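Note that the chains are named A, B, C and D in the order they appear, and that numbering of residues resets to 1 at the start of each chain.
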């Protein structure tokens, strides 16, 4: 083989893999309430009493089915956040995801686990862990977590 | 196709990532020869003497590197085939019915999977048929530089 | 080998599309059913092996999504790809190594979620094969043609397999496609990739299965009759389709020989009573029967013609209806194991093979049966 | 009970940001050939193979089947184990069970990744739940940033303290001919490198790498014939709880605490700092080199920075950490945790070349998934 062998790279032509992920009965109820009534529901484990905000059929640590729904307030505490400021491909679109945005873990009042979502501001001097935030809903809602536009700080807190 | 359920029950989405697959030096030689000279090369194992087309760097059984290149004629034998009757535009641009075959080139010990083209009568395609490679006019350095194989004789 | 047994099994019903359940929900259903079957609590399960595949699940580290549902919290858990038989093997090893007493193995599959052609096309290497557009069905067409040409097997022979398995499925409450077919029905069904037609091919299915493996001490105290593991073997052939003679199945023969030698089986046809094998396509049941050494190459069709492989025959093959009647890709092998355990317990209800004492479960990996996994179990 | 198991050979590629001269199968083969050479074995001597990576990084489905030619697995048993970042350690633990079960005597564990073949962060994002997390999840960095911030706040730890960890690992990499990033960095360089997500900067975080690792596990009846000093597997432990990102307490790496405690108990370790001689920590970013060694019980919470500044964890120190240069120098993800095991084994076997330390007991860790941790303990003596 010649020493100057050109080294080829094949670029993918078919990159898009479509999926239809079932949300599950519990998740579907959550999203339906979000879409139709702008309400956020959690689920309480009858054994450990924990209220999960991401709905689910079973409490992992207790391995107990969860049945009880708990309506939560659409506000809570920003437990932790991170301002995302680096470039990467968004696998949902195949394009670069717009940055910066603030990725946050929000503990809604009455919940024991957090919800991951975006916070409306990207100025680090105006963000702090522990601050109060509330959900802002989109006018047009389609039954996904994106029906919450973002979380924004509650004034003065 | 799956039934369309409401979005709150079934989330439709996708995974869309770009890939850049490294061909490696061995495959690159194969593809550049195909692209630049319309030639098909294989590699020969120094131990078992098998000729691999498409070429491999290492014989997977003897586990030794195969330095020796062997040029092959673009003719061979159709080992097996299938007539495909469904359309899958995400995977290829072929209109059904079309034919896939595994072709063992003269002098090679392994087969190549490819299209069997210029088929006027599907009944004429038989295992054991003689075939030859038809090259694309515009070649870019991929297995598709061979447009298809066609029946001869 | 120390003795290990299957002491509990659970399956969901297999369906075309389970809209109401996420794949974690299916895992929870299969897991709790297997635990109920074994009359065991989650505390007594000391480790978990899940089966996942990031392409079929549409998710990297897809096992992450099922850890809660598999009861894996605070347990040693791991994940194996494949059809469930390989994951079960790892579960077996974890007991044989002396590290654990009871392994839960659970597999889920929502084949309805993604694009079957794109996902199966992704099995083919991106450099030489993928851009030609081969997928699971067209590659199987190449193999079916080669096998039928070499051993003079006819499409009608394959049709008989489809008829038998879809008939058997009527006795299996978990099966998806249960129906009476005629040779004419199969022969006149829509051509997919010749010689494979619609009724020669397995459906797309959603579903989950779970088994609980236990060490000898625990299995002896089992609530249900244990199905003892007598031998296992697995093996992979060369990857590129053109490197193999697709009519042959050396990897399967090698895996079977290993399993038989462990189990002390010298005449599989005589010694094995019931077989659950991975018939993704009708021709595969014939090929795998030969690879498993039940008859000479090219002679499986004759056994099917003679009714030997019917549920009442001397070698019942796929009394559950097999993969042809339900094909949850990542679950289908584990379902074979679960079915053989039920057969050995005499609890297979309508589909019970009378006097089943020794059973064989078979799983598969890759395209055109590149990899195989063989389990021999007995009462 | 099963048979005892030792590591008898380690092979790896010269890790690079992009290996354009080899495809994935050929990359794997390089590591496998080196592992065989190292042990004087041929392909025929391998009884079974375990392999792992993360599918969506290269877009190859059924990697176990695809890899057989390079992995040496044609007409052999092969299995794919897949657990995300912990894949490499899960593969190693699986190889251990393969041998310990008595079914096999010589088993090859392979981890690999060709991260140059797609967008690594884009690929990692697909690990998040498509319904609840994927729209906003941005890979591992934000959650690590959360952990780092909480840790800094709790103990007054500084970015400079973390920088010292990067300096150590990158310096160690100079002695590892296989490492990807082999350029020394200073505390000032780390501190002035671009901010990715406060407090994590470019030089605090691991690179993305093309590379493969192959490790040979052998039974007690075979291992002593293959090498003078096998690295005996003294303990394996796994903590893979959690399903949802929102459930995780990012301020504590409890999985590593649980897994290491369990592993210490198996290995009879009661005083980790005294009894462990070397650690290969799966350390995806510099702050983990502080907080996670506390989780390993090497010191009290908040004391790690002093330990690191005092040079205790340097190559010449009392308890060297990451003599290989660690994950900050090389990160071919599916191989990363297996490289930790391989490097720990080389230290026990006395084959670590210029990066050799005096070691009787070595610890290797894996990290990934939903804040999961794996721990493997290797020793000069079997247990």
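Just so it is clear, a residue touches a chain if its C-beta (ideal position, glycine included) is under 8 Å from a C-beta of that chain, and two chains touch if they have at least 3 such contacts.
All figures in this text were calculated on a predicted structure; none of them were measured in a lab.
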| field | Count of contact steps on the shortest path from chain B to chain D | value | 1
| Centroid-based (C-alpha) most distant chain relative to chain A | B
| note | Taking each chain's mean CA coordinate, chain A and chain C are separated, in whole Å, by 37
| task | For chain A and chain B, let me know how many angstrom lie between their CA-based centres, rounded off. | result | 43
| Chain centre separation (chain C, chain D; CA means) in Å | 34
| task | Could you please state the distance in Å, as a whole number, between where the Cα atoms of chain B are centred and where those of chain C are centred? | result | 30
| field | Multi-partner residues of chain B (at least 2 other chains) | value | 2, 5, 9-11, 13, 15, 17-25, 27, 60-61, 90-91, 142
| chain A: which residues touch two or more other chains? | 7, 9-10, 12, 14-15, 17-23, 27-28, 56, 60-61, 89, 91-92, 144
| note | Multi-partner residues in chain D (2 or more other chains touched) are 20-21, 23, 56, 59, 68-69, 74-75, 118-119, 122-123, 126, 129-131, 134, 241-244
| request: With chains as vertices and touches as edges, which is it: line, ring, star, complete or other? | output: complete
| query | Where on chain A does chain D make contact in their complex? | reply | 7, 9, 12, 15, 19, 21, 23, 27, 52-54, 56, 60-61, 80-86, 88-92, 97, 101, 103, 105, 113-118, 124, 129, 144-146
| query | Which positions of chain A touch chain C when the two form their complex? | reply | 10, 12-14, 17-25, 27-28, 56-61, 63, 65
| remark: Given the complex, residues on chain D that touch chain B span 18-24, 26, 29, 33, 36, 42-43, 56, 58-59, 68-70, 72, 74-75, 114, 116-119, 122-123, 126, 130-131, 134
| said: Using the touch definition from the top, list the residues of chain B that touch chain A in their complex. | reply: 2, 5-25, 27-29, 31-32, 69, 90-91, 141-142
| task | Quick one: which bits of chain B touch chain C in the complex? Just the residue numbers, please. | result | 2-3, 5, 9-10, 13, 15, 19, 21, 23-24, 27, 52-54, 60-61, 79-86, 88, 90-92, 94, 100-104, 110-115, 127, 142-144
